[in-house]
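Next come two complexes, and both contain subunit A; in the first it sits with subunit B, in the second with subunit C.
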Partner chain A sequence: MDELQQVRNFILKNFLFSEDEGSLSNEGSLIASGAIDSTGVLELIMFIEETFQIKVDEEEMIPDNLDSVEKIIAYVHRKSVSKG
Partner chain B sequence: MCGIAGTAGRFANDDSIKTVMRSMIETLHHRGPDGYGFFYDSGIAFAHARLAIIDLQTGDQPISNEDGSVTVIFNGEIFNFVELRAELERAGHRFSTRSDTEVIVHLYEDHGLEFVQRLNGQFAIALWDARLRRLILARDRVGIRPMFYSVVRGRIWFASEIKALLAALPEIGRLDPFGVTQALTFWSPVDPATAFQGVESLPAGTVLEFREGQPVQIQRFWDWDFADESEDPEPDVDAIAAELRELLIDSVRLQLRADVPVGAYLSGGLDSSGIVSLIRSFTSAPLRTFSIAFEDSEFDESEHQRAMVDYLRTDHTTVRCENLDIGRAFPRLVYHAETPLVRTGPVPLMLLSARVRAEGYKVVLTGEGADEVFAGYDIFKEAKIRRFCARQPDSKMRSSLLRRLYPYLASSPVASAAFAKTFFSQGMEFIARPIFAHVPRWNTSRRACNFLSDEWRSATSKWDPLSWMDSQLPARVAQWSPLGRDQYVEAKTLLAGYLLSSQGDRVAMANSVEGRFPYLDHRVVEYAARLPSRLKLRVLQEKHILRLAFRGLLPDEILQRGKQPYRAPDSKCFFQGGQALDYVEDLLSAQRIRSAGYFDASSVGRLVDKCRAGRAVGFADNQAFVGILSTMVIDELFVRRNQSMGSVPPNWTD
Partner chain C sequence: MPRSLPDIVRAHAQSDPERIAVTLGSRNCSYGQLWQEVLSFADWLKQSGFKAGDRAAIILANCPEAVVACYGTWMAGGIAVPLNAQARPRELAPWLRHCDPAALIHEAGNADIESLLDTMDAPSLRVVVGDKTDQTSAPDWNEVIAARTRPIAVVSPLEADDSPAMILFTSGTTGNPKGVTLSHRNLASNAASIVQYLELSASDSVVSTLPFYYAYGNSVLNTHLAAGGRIALELNMVFPHAVVETIARERVSGFSGVPSTFALLLSRVDVGRHDLSSLRYITQAGGPMSVATTRRLLAALPHARLFVMYGQTEATARLTWLPPGMLSRKIGSVGRAIPGVEIEIRSEGREPVGTDRIGEVWARGDNVMLGYWRDEAQTSQVLIDGWLKTGDMGRIDADGFLFLEGRRTDMIKVGAHRIYPKDVEEAIAELPGVAEVAVVGIDDELLGQIIKAFIVRSDVSSVDAMSVQAHCRARLASYKIPKHVAFVEALPKTASGKLQRRALVEAAVKREES
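On to the complex of A and B.
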């Protein structure tokens, strides 16, 4: 499974409790759409760290890195490159 | 304290009405195990279950006036009955009992419907005026004692709990999608709504009048009323603190009135410690205190409780609550609460009242109400910061204030500052509306509504909870200070609907224990409501004036301690070793969810999986889980009417 689908599956199952792919867009804000709430951010960070074997630093815990499927993928790519 | 039930209208006064009244009052046996009383006359029937606290010998109800034209049954206490009785005797009334109930009868004779204004107490009253052939129902100012009613085919039925109405009226046992949606959003249905179709809750501070052939009339006799925003003179803080202390001393003195011993709850926080210190310092009542301790350290306050017990030298009992105790006793809680619940917090209090009763106590004083009256909750601070941020949205310093909130949460919503700012800046479009403070809380809670079935979702799709709540508020709310508005909404939702009900009256009465709340003496409520906001919430210190009123009575560590809201563990209580408790497995199975029809079976299944795996850490998931489970327990107990589940003892093991 590619990274995009892994992230989408996690958000669908874990926050939206749904299998309906149409209920989650890649570009929309997860917070504004109500997909994740405040503690959801912590769950999301744990998922990213476990799944992609990266460490999310405190200063990186910002909406610009984490507030949409696209932003998460871009962030994970940047981290993986810098790590590699 | 007691349970009451009855009916008025056109009906045959024969054996069948007696059978119905008996079946109603027997469902309220836990509220009044010390005996039943009945009253029948043309077009009226009353039933009463008594918990004897005042006038153990002659206090049986119903009680009538000298010529039998006015008859009353009542649940609660009139704390100023001694003063009222003296006044009524001077006016020529003759009393045949020593009870507080009898003052209601004579006050009504003299003042008509205005009689409620004279009462200092917590009450749900039913009064029959045979001359005018009218039934009066009255409920106390803030909603401490419950009163439900149904009007069916021109006849009114009322009772302390809905289960008594269901016993008489099989046709009303259906869940109401609006009532359930309110419970999932606001934590309880808001008066007059209930979770059941055709059942209404008489709003706190109102009087209902019923005459056969006429529509029910409801009049408000009291409401919370806060200081206007402009009204903010330079206060004499020391004088106010001294005056407040005197008022609290008098409230405690009145509320200790009972012909049985009175105990107190001690949570380790400012509010309950304050009450216990007032009992210690200003009365000769013996000090017997009770508290809850949790297995889970995130929720436990035993260290602070022990410090207070040592300081105040009370005879103290602690009930230790383990997670599984909560899961196992939950159906019994729902049986008593009769509403969907989004938190498990009432369960430990139900286990605590069982212990209180086992130790021989029927009455306890608690610190409930102080957080509403003196602005103790984080929601008030959060709203103050959000209003402050709104004036300078780009200020980093201002939003960093948000990190000072919620230091006690293991999974804090403000763990990440950038996100905290994003979350708390949501709902800024509501800034001019009185529900502004509550929007974040309700938006979290209402995520549970995403689990509703398509049918229930479409039934409620046109109903917007935020606009609806706005429409329920009195016009003068706009003149109050922002804090006053926040306090009003809190008093009408969480306090009346949940804390005094599911987590108050119901869990105490489940074990025949009466709670009393000195901070909710209406004189205290009225006094505090008129104080300038900054005496309640001073910068970010909550309950500032109350801390000043307790100076010298409590140790500094308690006076300075920040608020730790009472909470209990949630979804984790319903799983053991990766397995759901048997009844949970059964009620949340896809088949059972589908046949009930309230929720969507597959999304509920995914939520249960998440909780089972221990991955549900946030409020939204936990509240949704508890909300769904409690709704399904109600379905089992009151819709399907399989009540074996709710009567299980608290130590029941499956």
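On to the complex of A and C.
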């Protein structure tokens, strides 16, 4: 399963409680839509760290990295490249 | 009679119009600008037929427009009704029907409100805030503010009298909506007491993530405006790092939160790496914070004074405060009555009990609400002989300090949110295949409590945890979705058939431990 599908499946199952792929867009804000809240983001960070074997640093916990599926994938790619 | 909140803000706007009142991201709104917009909005309301005593429902996340809408409603002689911006149509409908607003102010593109208005009589006046993406004919906020074409007549000062100023709903979906009705006197007196003990001045500024539609968030806003200070808005604690950066960047003197605010902050941010030396005070209310979190907060920010406080919506916001100097001696206490408030502990027979004896907390003062909106029956249960029966249990020690010992109700507190189990149970009970349901709050390190649902199924094949959560997500604000769902053969009940929630909480704890 590719990274995009892994992230989508996690959000669908844990925050939207759905298997309907159409209920989650890749670009929509997860916060504005009410999909994730302050504890949801902690679960998301744990998922990213465990699944992609990267460490999400404190200053990286910002909307630009985590507020949509697209942003999460872009962030994971950047981290993976820098990890090298 | 104290001066009303709008009258105080008007004075700030006249004496120092350039001073910043509200900050949201890069937006700064000065007192002068705020007051002009307040008058413009009030003028538009009046020109549009809004009358004294009419209600204006404000369904907005924290933003300068929400402040203007509230103060503008007051200047038009109306009653502001800030409603939970996270609520779904199922939750909003009974509130709107109950307060019957003449005006509705909401964010653009809110599909829930559009669908709701299709099913009920829409208020005659509507204003949409933000970029309009839909086809609604309702005017845009900026058009309304710019619409003023005539000079505003000299507005007579609003007195802080007993006329209703605000309704804050504390619960109620299909059942009885409880609309706490606060007067101008309630709001002004509570703000004055808080300004006094926090020693707030025009040089103070605060970062707050607390929504205005809750009593605490509303109080943080009103006290800082009353002091001539500044409130810097952060919309949530989803990214604690961003909140800390705002505190550091804006060099604010205060930070207000509930226990989960500080638990999230301390768990995700290395506070020592940020320059938070500007912080003079931290306020904590919204339920008891663990002693461990309190000590960690004090260790992380040793230069800031931590004010532990207690109150409830029915008392406008605040009833007691613990002077920071007493925190180490009286840790676990919520302090003593704020100026202008009396606190007593009473037995079930309503007689005052002695020192250190546990009973129900009763309160009296100018901050105690007028009553529940159009509900004399519920009002008469809590307002008795000029006193407020809080529903909270507690004791007062020999030094006069109040220690809370739980509540008489089953209300669940998730972060800053208060949830009545019945609201969630009613929604789940509508799901086909659910025979019986009960929800309880179980302890959670970060949020204080989280919701667990216990369900007896009539049809095992059609209901699983995800379908219950999905059902709730479609009908309730996200913080009301049960984090855990357990399926049981039967719910524990007394011989008379009354649900035993305590037994469910104990069962939940046992399951966690096993």
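Everything below uses one rule, namely that the second predicted complex is superposed on the first by the 84 of 84 C-alpha atoms of A that agree within 3 Å, B and C clash if a C-alpha of one lies under 4 Å from a C-alpha of the other, contacts with A are read in each partner's own complex, and residues count from 1 in each chain.
As a convention for this text, contacts are C-beta pairs under 8 Å (C-beta built on N, C-alpha and C of every residue); 3 or more make two chains touch, one makes a residue touch a chain.
These figures come from a predicted structure and were not determined experimentally.
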After superposition on the shared chain, which partner residues are touched by A:73: those of subunit B (first), subunit C (second), both, or neither?
neither
Touching partner for A:43 - first (subunit B), second (subunit C), both, neither:
first
In the superposed arrangement, which partner chain does A:4 touch: subunit B (first), subunit C (second), both, or neither?
neither
Partner chain in contact with A:54 - subunit B first, subunit C second, else both or neither
neither
Considering each complex separately, which residues of subunit A are in contact with subunit B in the first and with subunit C in the second?
13, 16-18, 31, 34, 37-42, 58, 61-63, 66
Of all residues in subunit A, those that touch subunit C in their complex
13, 16-18, 31, 34-42, 58-59, 61-63, 66
Contacts from subunit A onto subunit B in the complex sit at residues 13-14, 16-19, 31-32, 34, 37-43, 58, 61-63, 66-67
Hey, which residues of subunit C end up touching subunit A in the complex?
86, 236-242, 260, 264, 267-270, 273, 415, 446-447, 466-467, 469-470, 473, 477-479, 481
What residues on subunit B touch subunit A, complex-wise?
411-416, 418-420, 422-423, 426, 443-444, 447, 450-451, 602-604, 606-607, 610, 615, 617-620
